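Both of the next two complexes hold chain A, though its partner changes from chain B to chain C.
For the complex of A and B:
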C-alpha cells in the first residue's frame, strides 16, 4: 500500500524525479569511469613494470643489493638457473651480470648500469627484443654489441628528432631516426677495484615507456661482460617469470628455494619494487577522495530536490496527516520514494558506466599530449579503462547509501509539519 | 723517403715524442691555469709533481677558496682531496670524464689507458708549420677494438725537438671535438719546453683552457711515497 503510494508519487512530477535520476546516474557514471581510469592506468603500469623490469621473482646474492658490489655473484648461478628452469611453475628465467659504470663517446660520458644479458632468454623474460626501435636485437655484429636506450642515444647525439609537423610520404608523422653501429667505450670497476675499459659497438636502440630507465640502462651480452670482468659464467641476478602472477607471493617452490639457499635473497615483485606498492595504494586513496567529492555533490543535489518535493507537497502531506497517516508512515513513504529514484537511476548509471568502460577499454584514451610527463613516471601514452566487477557493486552501494542519507533531512522536514498549518498553506 | 720501413719511421717519431713528453724521471712544476668562458675567466695557480708515467700530484695554490685542493694519480687510479669538506674521493669510472678542476681537461686526460704507440694505426701526412716550427703531421686511427672514443687524432710533432705541438681530436664521424695546442716553446728547466698550452673544445664557442708554466725543475729526486693519499692532504 505504502509502496504503491510512494511509486505513484515518484511519477506525479516527472521532471523533478528525472532530475534526481539523472543526478544519480551521472554520479555513478563519473565514479565508475574515474575508478576504471585509475585502475586501468595502474594495472597497466604494474604489468609493464613486471614484464619489462622486475619480473615476478628475482634472485640475488644475499648482500648484493646492499651496495651492489660486483664481487657478490650468485654462487653457482648458472646451475641454479638450470634448476629453476625445470620447475613447472616457471614460464621463463634468465641470468644477468650487472655493472655500474660509464658509457662514453667523443661527446662525453654518462653513468649507466651495464646489464650483461643472455639475449634469447632475456627476450622470453622481459621481451626486450620487442622494444628495439632501431638496428637489430644482438644480430649482425660479432664482437661486443651493445643495445642503448632512446634517451641515451639522444644525449650521445645519435638521435635525430624530426621537426614537428614533418610527415612521411604516406602522411604519418615522421619518426625519429637513429645512428647505429657507433663505437662507445664502457668503463666500470671490476671486483678487486681495477677499472676495466671495453670498446663496444651500438647494435640497436631500444625504447621503453620509461625514459629514466632508457637513459640509465645499457645491454651487452652475458659472455662479453663476463670476459671483460675477467670472470666466466658469473651472474648477479636471476629473473623469473611465472605462469601465474599470483604464485609470486605464495609459491612452495620459491619458499623451498629461499629456505634451501640461505646465502640467496629471493624476492617477489612487491619486495623488489616497494614504490610500485606505494603508488598502488596512493592511487586507491586518491580515487576514493575523488569519489567522496562526487558523492558529496550528489548528496546536496538529492537533498535539494527531495526538499523541494516535500515543500511542494506541504498541503498534501498535511492532508495525509490529518486523515490519520502516522509519522512513521510519512517518513517511510519519503524514504521509499528516494529508494525508488535511486533504484531507477542506479542501474541506468551502472549500465552506461559499464558501456563507457568497455568502450574506452577497447579504443583507449590517448594521452600522447602529455607523453613526456607520462614517460618520466612510467605511464604509457594510451590508457585502457578497466575495472573489476566487485567495484561496480561497491560504487552502486555507495550511491544508494548516499541517496538514503540525502533523504533523511527532507523526510525529517516533512515530520515537522503541523497538519492544521500544512493544510492551510498554499 | 724510401717505402720500406716507412710506417716504422712514423712509429719512431711518435715513440720519440712520447719519450720527450714523459722521458724525464721526475719533475716539479708551477703553472697558471686560465679557464676562459664566454662570460667569465678564472685563473688558478697550480703546482704539480710527476714521476714517470705512473705518478702525478696536482695541487691548487690559489685562489684561496680552492687552496689545498689536490688531485693524485697513482697508476690507473685518480684520487681527489677537497680540504673544504675534508674528504678524499677515489674517482669511480663514472667521474673520469668530469672536468678536471673545472677546466676543459678531464680526469681521463690524466690516466691514459691506451698506448698511443701500440693501439693506433699511424700515417704520415705532409709536413706543416706550427708556431714557426716545422712539424710532421701524423694521423692516428685507433684499432677497431681499442677502448678509445676518438675516431682519429691528427698530431703535429716538431721535427727538431720532437715536441707534440698540436693534437686535433675527431669523433667517429670526422667532426673535430677538441684541439690541444702549444702556443709557446721556450727554454725552461734546461731545454726547449712547451711553456704555454691551450685546450679548445671545438663545438663550444668561447670556451678554452690555457696552461702556462712559470717554472719547471726536471729530475728532482722524489720518492714513490710522496704520491700517497696521506701526503696529498699535507703537501704544500
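For the complex of A and C:
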C-alpha cells in the first residue's frame, strides 16, 4: 500500500513530476553523450597513437632510450623478431632502425626522425600503407625511396593547397596536390660519430591524424638505412601488435618476450607513452566528474521538488500521523516518492543516451571544421561516440544513489512535522 | 465503564502573556457516549480534543484513555496508541486524495496489518452503512464534501476503535449532509456502541448529542447529560 500511495503521489502534480523526470532524462542524455564523445575521442586518439607510434609493445636495447645513440642496437635483433613472431599472442611485429637527423631540399633543412622500416611488415603493424595520400607505398623505386609526412611536404614546398571553395569537375571539394619523386638529402650521425649523407627520392606522402607526427617522421627502407649507416640487419626497435591489447599489461608475457636477456627493455604502450597512460587513467575520473556535476545539479532540483511536495502536503502528512501512520512509514513513503521520481527519468535517460551513443557511434560526428586544431592534438576529423557498457551500469547506480541522497532531506522535513500543528495548517 | 478520564489538565502556551487554552479540565467519558464539547471559538475545545486524542500533550494533568495514562507516552508510542484505539474525523475531511473511498477506509486497517478478507468485509460494511457502497472506487475529488466526510467517518470506524474524536465534522457541510452524517454516526454509536466525542459549535450537532460539555476560556462551565 505504501508503494502504491507513493507511486500515485508522484503523479499528483503531473506537470511538476514530468518536468523533473524530463530534467533527469535530459541531464543523463547530455552526460552520457559528453562522456561517450570524450571516450570516443580518447579511444580513437589512443588507438591512433598505438597504431602509428607506439604499437602495443616495443623492445629496445636497455639503454637506447636514455640517449638514443645509434650504436645501441638490439642484440641479434632480427633473430629476436623472428622469435617474437612465433608467439601466439602476437598479431604482427616489425623491426626498425632509427636515426635522428635532417632532411633537406632547396627550401632548407628540417629536423626529423628517420625510420628505417620493413615496408610489408610495417604495414601490418602500423597500417602506414593506408595513410599514403599521394604517390606509392615504397613501390616503383628500388633504392632509397622515402615516404614523408603531409605537413613536412607542405614545409618543403611540395604541397599545393587549393583555394577555399575550389571544386573538382564532379563538384567535390578540390584536394591538396603533392609533388613527388623529388630528391631529398638525409643527414644523420652514424655510430662512431661520423655524419652520413644519403640521397633519397620521395616515393609518397602519408598523412596521419597527428600533424606533429607527420612533420617530424620520415620512413625509408630498413636495408637502405642500414647500408647508409654501415651496418647490416641492425635494429633499434621491435614494434609488436597483439591480438588482445590487454595482454600488453601482462608482465609475465612482457618478460617472456625479453627471453631472459637483461640487455633488453620491453615496454607496453603505457610505459612508452606516459601521457597516454595518464589520459587513459584520468579519463575514468573525468567521466565520473562529468556525471557527478550533472547529478549534483539534478539532486538540488529533486530536493526542491520534493520539499515543495512535502510542504504542500503538510496537513495531509499531519493527518496520516494522527490516524496512526508511524514515522518510519512516513519517512519510507517520502523516500519512495523521491526514488520513484528520480528513477523514472533514469532508465529513460540511459536508454535515449545509449541510443544517441550508438547513432553517433555509427555515423560519427564531423569535426572537419576544426581539423587543423584537431590535427595538432592528434584528433581526427570524425569522432565516433563510444562508451563501455559498465559505465551505463555505474551511471544507473549513481542515479539511484543520487535519488537516495535527494530523498533524505525532504523525508526528514516530513518527520519534523507535528501532527497537531500540521493538521491546523492551511 | 470510563474510556476517557482527564484529571485537572492544563495546556498553557508560553508567551509574554501565557495563554491557558485548557485550564484545569477534569472529565470522565464512559463507553458508548455521544458527547459534544462546545463553546465559542478559542474556548479550548479543539485543544482539549487534541489532548484526549494524544495529538497534543497537556502542560500538566493526567489523561487516562482505556486505563492508560497517555500523557506519559512518547510520540512514537502515541502514534501506535492512536492507531489501535482512536478514530479521527477532521473538519476538512482530510482523506488521502490519491486513494479511492475503499482504499481510504482500508488504509488504517492496513497499517494495523489486518487480513485482507477482514478488511474487505469491514470496508464494504462501513461504506454501505454510510450510504456510499456504490462509490467505493471514487477518489475524494470525485465526491461531494458530504460524501467525503462520510468516507472519513467510515475510515475512523474501520479499525473498530474504542472511540471516535470528531473535530467540527459538520463545519463544511450543508444541512442535508449534516443531518445524514449525524444519522449515520448516531446509528453506528447505537449499533456498535462506539463512543463519539465531538468538538463543535454547530447547533445541529449539539441538538443530537446526549451529553454536552461547554467550555469557556479553557474551563468547563457546564456539563449536561440528556436522557
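A few points about this structure:
The rule is simple: the second predicted complex is superposed on the first by the 420 of 426 C-alpha atoms of A that agree within 3 Å, B and C clash if a C-alpha of one lies under 4 Å from a C-alpha of the other, contacts with A are read in each partner's own complex, and residues count from 1 in each chain.
Keep in mind that, in the parts below, a contact is a pair of C-beta atoms (placed from the backbone, for glycine too) under 8 Å apart; a residue touches a chain by one contact, two chains touch by 3 or more.
All figures in this text were calculated on a predicted structure; none of them were measured in a lab.
When the two complexes are overlaid on their common chain A, residue A:419 makes contact with chain C while staying clear of chain B. With both structures placed on the common chain, the touch criterion links A:182 to chain B but leaves chain C unconnected. Once the two complexes are laid over each other on the shared chain, residue contacts for A:321 go to chain C alone; chain B is not touched. Applying the stated contact rule after C-alpha superposition, one finds that A:102 touches chain B and leaves chain C untouched. In the superposed pair of complexes, A:8 makes contact with chain C only, with no contact to chain B. When the two complexes are overlaid on their common chain A, residue A:358 makes contact with neither chain B nor chain C. Shared interface residues of chain A (contacting chain B in one complex, chain C in the other): none. Contacts from chain C toward chain A in the complex involve residues 50, 53, 55-56, 75-76, 79-80, 82-84, 87-88, 90, 92, 94, 96-99, 103, 107-108, 110-112, 155-156.
Taken together, the chain A residues at the contact with chain B in this complex read 100-102, 104-109, 111, 143-144, 182-189, 194-195, 197-199.
Chain contact summary for the complex, chain A toward chain C: residues 1, 5, 8-9, 11-12, 315-316, 319-327, 329, 419-420, 423.
Chain B contributes residues 76-77, 92-94, 96-97, 113, 144-151, 169-172, 175, 177 to its touches with chain A in the complex.
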